[in-house]
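The structure under discussion is supplied below as structure tokens; questions concerning it will follow.
Should a chain be cited, it is by its letter among A, B, C, D, E, F and G, assigned in written order, with residues numbered from 1 in that chain.
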Amino acid sequence: MLIRPLGERVVVKATPTEERTKSGIVLPDTAKEKPQEGEVIAVGSGRLLETGQRVPIDLKVGDKILFSKYAGNEVKIDDVEYLIMREADILGVIE
Amino acid sequence: MLIRPLGERVVVKATPTEERTKSGIVLPDTAKEKPQEGEVIAVGSGRLLETGQRVPIDLKVGDKILFSKYAGNEVKIDDVEYLIMREADILGVIE
Amino acid sequence: MLIRPLGERVVVKATPTEERTKSGIVLPDTAKEKPQEGEVIAVGSGRLLETGQRVPIDLKVGDKILFSKYAGNEVKIDDVEYLIMREADILGVIE
Amino acid sequence: MLIRPLGERVVVKATPTEERTKSGIVLPDTAKEKPQEGEVIAVGSGRLLETGQRVPIDLKVGDKILFSKYAGNEVKIDDVEYLIMREADILGVIE
Amino acid sequence: MLIRPLGERVVVKATPTEERTKSGIVLPDTAKEKPQEGEVIAVGSGRLLETGQRVPIDLKVGDKILFSKYAGNEVKIDDVEYLIMREADILGVIE
Amino acid sequence: MLIRPLGERVVVKATPTEERTKSGIVLPDTAKEKPQEGEVIAVGSGRLLETGQRVPIDLKVGDKILFSKYAGNEVKIDDVEYLIMREADILGVIE
Amino acid sequence: MLIRPLGERVVVKATPTEERTKSGIVLPDTAKEKPQEGEVIAVGSGRLLETGQRVPIDLKVGDKILFSKYAGNEVKIDDVEYLIMREADILGVIE
């Protein structure tokens, strides 16, 4: 099952981050901050300008990205969690 | 009885979601979250740009969609509940 | 006495809705929710775009419509109550 | 003494409304709601669009109008009270 | 010393208003409302539209104007108080 | 060390104002209001319109200006305090 | 590992500021204000205007900049902290 995001939206799979406290203890899931890193799974057709021009999203499937904490809506497809966010919530691409 | 949504609006029939707790108990209706999945029943004529151009909605009747929780206005037609929401509240199409 | 609504406004006569509780009791007026259904009585000249173009309202007198609860301003003309609302507050047309 | 309203503004003289309770008692001034009906006294040159085009106000002196409660700024000229409001605060014209 | 207001701004000298209560008592300054009447002292070059067009202010030096209470910023030049406000805060011209 | 302000920003050196109470006492710094007068030290390249046109700032280095209280961000360069503010926060030029 | 900021965003490395109290004591990290000075590490492709035109960012890698306190999102790449902020949050360039 696939999701086709609409317009300026992007489907992102958040990268789980392994967090350790300074003493080396791995924190259980609820104590960790939400991840800020992820991978682009699907991109929409792009933002529509008031002139009617559609601007392609400046990202491609597989890009490793950084995004604002709490950006996007969480959806669960086939028991896997994804985020659908706007391109504007994506800060940059890790290269 | 049919509804013709105006402009950038879409009529959606929410898909009831069967929810079970981890121990397998089916939750009664009031304990479930509102559904985030639905089917497109009717689409409006599209968003009107400031240039006067009308942009057709990028969805068709029968599309299975994901939408933001609490998006749209609930209406009841012939005892069936629908949601009328803006295209911008629709996150993506399940394919 | 007639009202000519300005610009993107529409004059609507709300349709009273007969509400019954599950046990069949008709609720008195103060206990009912405001109606969400109505009939178009008059339409304005349409929305003015920033280009100066006037976009005719996509409704005609006599259309049965659905509108957001609490949309519009109530006015009383010859002891009859009307609502003057913006086209954007109208969700769809019942056909 | 006359007021020339600027741009998209309109000078309105509110029509006092005689209010009676159901038992026929005329309410003193402080118990009445502010009037929603008035007469156009003067109109501005119209709204200026971002294109530089000036759109004449769709009202003329003498028009009987309906306006949103509390719309406009009250001014007193020669001991007479007027309201200066934007064209957008005027709901419709009574014909 | 003169002030040249920038863009869509106007320098206004508020007209002191002599206020009497119904019994004829002149109210001391702190009990009076801020004046709503003034005289135009200087006008800016006008509002800049997104097209790059500059729209001259529809007022000239010496115009008697009405303005929203509390509009503008108070400045004191050579011990005289002025208000610098936007053209949009000016309701109309007294003619 | 110089600051080149970006876009529609202006670097301003606030003019200290000597304040005396009515009895002639000079107030210490903490009791004075923030200054509203200053001198332009540097101007940016101007505001960018949506058309892509850059509009030069209507000020030059050395201009004595009036600005809104609390406008701008304070920066300290070589132990001297400056304000970097938007052209829109500047009310007028003293001539 | 590099970050390519999207659109109107800029990657900035904040310059640590050595702060001393008046008595000469160096303040530990938690007592200092967040730095307002930094260096440009990477720039995005620029802001997209509604006309579809992309406006290059008026900064280059290596520029020493001043930015609003708390501007941007903090990210940590290879244990180094960066800020990803919008060009509009950057006040000026130190030359």
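To be clear about the criterion, a residue touches a chain if its C-beta (ideal position, glycine included) is under 8 Å from a C-beta of that chain, and two chains touch if they have at least 3 such contacts.
Molecules present, by chain and UniProt name: A, B, C, D, E, F, G = Co-chaperonin GroES.
Source: prediction; values computed, not measured.
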Please identify each chain that touches chain B (Co-chaperonin GroES) as well as chain G (Co-chaperonin GroES).
A
Centroid spacing, where centroids are CA-atom means, of chain C (Co-chaperonin GroES) and chain E (Co-chaperonin GroES) in whole angstrom
41
Report the inter-chain centroid distance for chain C (Co-chaperonin GroES) and chain D (Co-chaperonin GroES) in whole angstrom, where each centroid is the mean of the CA atoms.
23
How many angstrom lie between the centres of chain D (Co-chaperonin GroES) and chain G (Co-chaperonin GroES), each centre taken as the mean Cα position?
51
Junction residues of chain G (Co-chaperonin GroES) - those touching two or more other chains:
50-51
If you start at chain F (Co-chaperonin GroES) and step next to chain G (Co-chaperonin GroES), which chains follow, in turn, all the way round the ring?
F, G, A, B, C, D, E
What part of chain F (Co-chaperonin GroES) is in contact with chain E (Co-chaperonin GroES) in the complex they form?
36, 47, 49-51, 53, 55, 58-59, 66, 68-69, 87-88, 90-95
For a test of understanding, state which residues of chain C (Co-chaperonin GroES) touch chain D (Co-chaperonin GroES) in their complex under the given definition.
1-7, 9, 11, 42, 44-45, 48, 50-52, 73, 75, 77, 84
